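Next up, some structures in structure tokens.
Shared chain: subunit A. Partners: subunit B in the first complex, subunit C in the second.
The block that comes next holds the complex of A and B.
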């Protein structure tokens, strides 16, 4: 089990390099941009996959957490704090070295939060909100939990649309690049940004984050806590009787998946140089759920592969204007014919059932 | 916490326990004690409140009134997982195994209270968790061997035969190394050979030092292995005595066999 997991992860590393080589061979380096974005969306999907597939708690509000991560980080790194320079919170942040001075396009003095601190705030905000939402909401089950998380997602979407601070319908643009590592010797700095010069580095960074994220989740699933999560999925009563604090574990995994979404949101926002309210829309949340289902609820690898693959196709515009419709259709077909995910599909019994009827 | 259990302190003591569901008085002023190291049975006709009583003891339901003392500590109002942590394990009348998990994994969940690796230790696969994980696996396999189903360890638990599922559930309960084991109709749906096997097993569990409280319909099982029997009828305690005396009790015969036959 341990070795199989490591082999699979090594395979994913090789696949990453292979994808890069493919884009070089095909002389299509622009594919790297969508592959980078798809990897970040993949991070959301595997986080949601553990929540839904293993712990059995649905969330139709994960775009909300993604948006919290992206928006908080974008707002803090772009909104000018100079007018508040004299106030104590800003002085405190400055004292801690978390602010960066700059100039806007008109040459005026600009003071913003550094990307590191902003990302930290964004992820912390998502975790705290997940905690506050999760305590009451996770008492619900099934359809009721789905509706409550749907409500949460809608609220976040509407707040973002209505707040001038978050740019209303325009969202936030001009988000600065995020310098992860300064220049070292002959190596240039590692910057999360959509600039062409950073394209290859960002591709490897995003896939690296995805691989590490998958590694952590695979470890978790195989651990004592993972067993507890899977047990409460099936029977909360029996899990409780075995001493599993079901409320606490559900809350922890909910927060964990919110953190995954927020990390992806924050990094992708710096990569894209901005974020818009459509990232928080219900349709996005439904898409994440659909992608987890397509990959197979209890199959993290399936969710990862199908999630990244379909997102990449979607970002390339393969589905055209029917994008959302395609994901809706995929969801229906998966539920009908492959409830355990596309990768678990056995074609022969399926075809027999489709054309001859009767049980497979 | 002192590890020494005073022999005079009962393992479990119920005092004036009531449970009302709206107008229905499901459990009415029930008091009894379970001596450490004994096998005690709760019997009664359908709807007598036996399973409700179990749910009250295990913390699945809150009591309406009364106290439940487990190893000298009041546990009414505690959550089920807290009660489990104190050393109480149970099985269910309608078996509740975990879907998508092997028999071994189900039993390993039972080791939850005996292990401590947390969220982050699990995520980072810290070396400290490896030894614990090996110990969990080894003890769980041991228990499957005790149930004589070690060869089925890798089989998905919910796909096993009925009797084998019962055995997995029993192993899961024992995996927490409980002081008190609650068995909710352990022989329901079993044939007479399997029932005899369950009887032998329950006695073996008692001999391991585990106190057993069971609810059961099968009179032969109850009369054979119990040290004491509590009879419930319409939520109230009708009698409490040794099996031999219960069999002679006119009241008990009346509720079980009907008034005419008893006369």
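The block that comes next holds the complex of A and C.
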């Protein structure tokens, strides 16, 4: 198993380079932008996949965590703190060196939080909210859990739509780029932003984040925690009887998947230069669930491949005006005919049965 | 708050509460028959409104409403037959995801058929500004229609379940499916029937409320969440308690407008849902003894 996992990860690295080469050969570098975005969405989907497939908990509110990550980071790096310069929280932040001075287009003095600190705040906020929500929510099962997480997602959506600080229906735009590394010698700075000159670097960065994320989750699944989670999924009573602290494991995985969503949200917001309330909508959450279901609930690689692939097609606009309908159809058909995911379908016996009428 | 304003809010609350109660009863009918929550319940309400609005140019109002209700019932039956009937002992997670998928399909179909425009039926009696006064409180005749229609539906349903043979068979299936099968009741047909019934009352509610609340392709989702809140508040499966819970939620919502901005109104009812789920998942009127036997 260990070697197989490493081979798969190496394969993913090669696939990343291969995708880049393909866009170069096809002379279509603009594909890299959507591939970058798809990789960030893929990060949300593998996080949710571990929660749904291994811990067996459905969440129809993950767009909420994605939006918390994106919005908190965007608001902190964009909203001007200069009018509050004299107040003690702002002075404290300044003393810690977490503020960046700047100028707006009219030359006025701007004071914003640095992207590193903002991203840290965003991910911490998502983790804390996941902890607060998770303790009561994860006691529920089935429909109740689904409705409670759906309710959580809707509340986040409503709050974003109703608060001027988060830009109401317009969302937040003009989010600055996120300088991960300053310029070193002949190397340029590593900046997360949508500018053309950073396109290739951003592509590799996003896929690198995805690969590291997948690597961590694969290690988690293979570890003692992973075995506890799988036992939890098949029978909670049996797991509890064997001494597995089910409530704690569920909560930890819930927080972990929320952190994945928030990291993806924060990074994608800096890449896109903004975020809108539609990122928090119920439809987005349902889409993440659909993508996990298509790939197979207990199949991290399936979720990753289908998630990135279908998101890329959707971002390219292949489904046109039927985007949401396509995801609804996918959801129904996968659940009806292949509840273990598309990749679990054994096509050979199926075809033989269809054409030769042999035993199933 | 003056006394007049108090009564004005109270009536608004009762009107919305009656609608939520009808949606909640739709949830309950299917839950009792199958043990699943139909996440597409709100879409039935939207379909009822939309279809009747489209039929109105060709026939009188009551015909359009009757036809829309009948059509939505057919859609409900078709959904059950296509997507649910032939699954063999599916898991709850699978059923949840399927009904969510159905709700998306219905919503997107509505978007492509009727577009994004907001529509409504005309007022059944008079127009937007027709009111009659009770004391110093002004009430729109449509409010009376909504409350009356909800009352008639609830009365009709309880009569149907208590005294018709089919209603009794449905209750038998809800109480004990295996025993009902042994008595020669076709449990599968009862499930189809429960989807039809629940689609029908949803559609009728959608028609009656359309002049007040308007109908849009995506108006089902928030109704479904509120209907579910009411169903939980009353105790899942308990239709009479759902009426009380519905009116309670309607009144809370109506009065919340005077305290918090309108934009947060939806967030309030969802917060109530979450609190109820955390604190008393068997509902305000349910007993915790019985709840322990159910699967939360």
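The criterion applied here is as follows: the second predicted complex is superposed on the first by the 347 of 360 C-alpha atoms of A that agree within 3 Å, B and C clash if a C-alpha of one lies under 4 Å from a C-alpha of the other, contacts with A are read in each partner's own complex, and residues count from 1 in each chain.
FYI, a residue touches a chain if its C-beta (ideal position, glycine included) is under 8 Å from a C-beta of that chain, and two chains touch if they have at least 3 such contacts.
Please read all numbers here as calculations on a predicted model, not as lab measurements.
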> Thinking of the overlay built on chain A, is A:224 touched by subunit B (first), by subunit C (second), by both, or by neither?
Replying inline: first
> Quick one: subunit B or subunit C, who's touching more of subunit A?
Replying inline: C
> Of the partners subunit B and subunit C, which touch A:335 in the superposed model: first, second, both, neither?
Replying inline: second
> Looking at the overlay, does A:155 come into contact with subunit B only (first), subunit C only (second), both, or neither?
Replying inline: second
> Looking at the overlay, what does A:327 touch: subunit B (first), subunit C (second), both, or neither?
Replying inline: second
>> After the superposition on A, what does A:92 contact: first (subunit B), second (subunit C), both or neither?
In response: neither
> Looking at the overlay, does A:17 come into contact with subunit B only (first), subunit C only (second), both, or neither?
Replying inline: neither
>> From the superposed pair, tell me which subunit A residues show up as contacts to subunit B and also as contacts to subunit C.
In response: none
>> Residue numbers of subunit A touching subunit C in their complex, please.
In response: 56, 58, 60, 136-137, 139-144, 146-148, 150-152, 154-155, 158-159, 161-162, 282-283, 286, 289-290, 293, 321-322, 324-325, 327-329, 331-332, 335-336, 339
>> Give the list of subunit A residues in touch with subunit B in this complex.
In response: 216-217, 219-220, 222-228, 230-231, 233-235, 237-246, 252, 256, 298
> Quick one: in the complex, what on subunit B touches subunit A?
Replying inline: 58, 60, 79-81, 84-85, 89-90, 92, 96-101, 105-106, 108-113, 115, 117-119, 121-125, 129, 132-133, 136, 172-173, 175-176
>> Taking the touch rule as given, give the residues of subunit C at its contact with subunit A in the complex, in rising order.
In response: 36-37, 39, 83, 87, 90-94, 96-98, 100-105, 107-109, 112, 221-222, 225, 228, 232, 261, 263-264, 266-267, 270-271, 273-274, 277-278, 281, 295-296
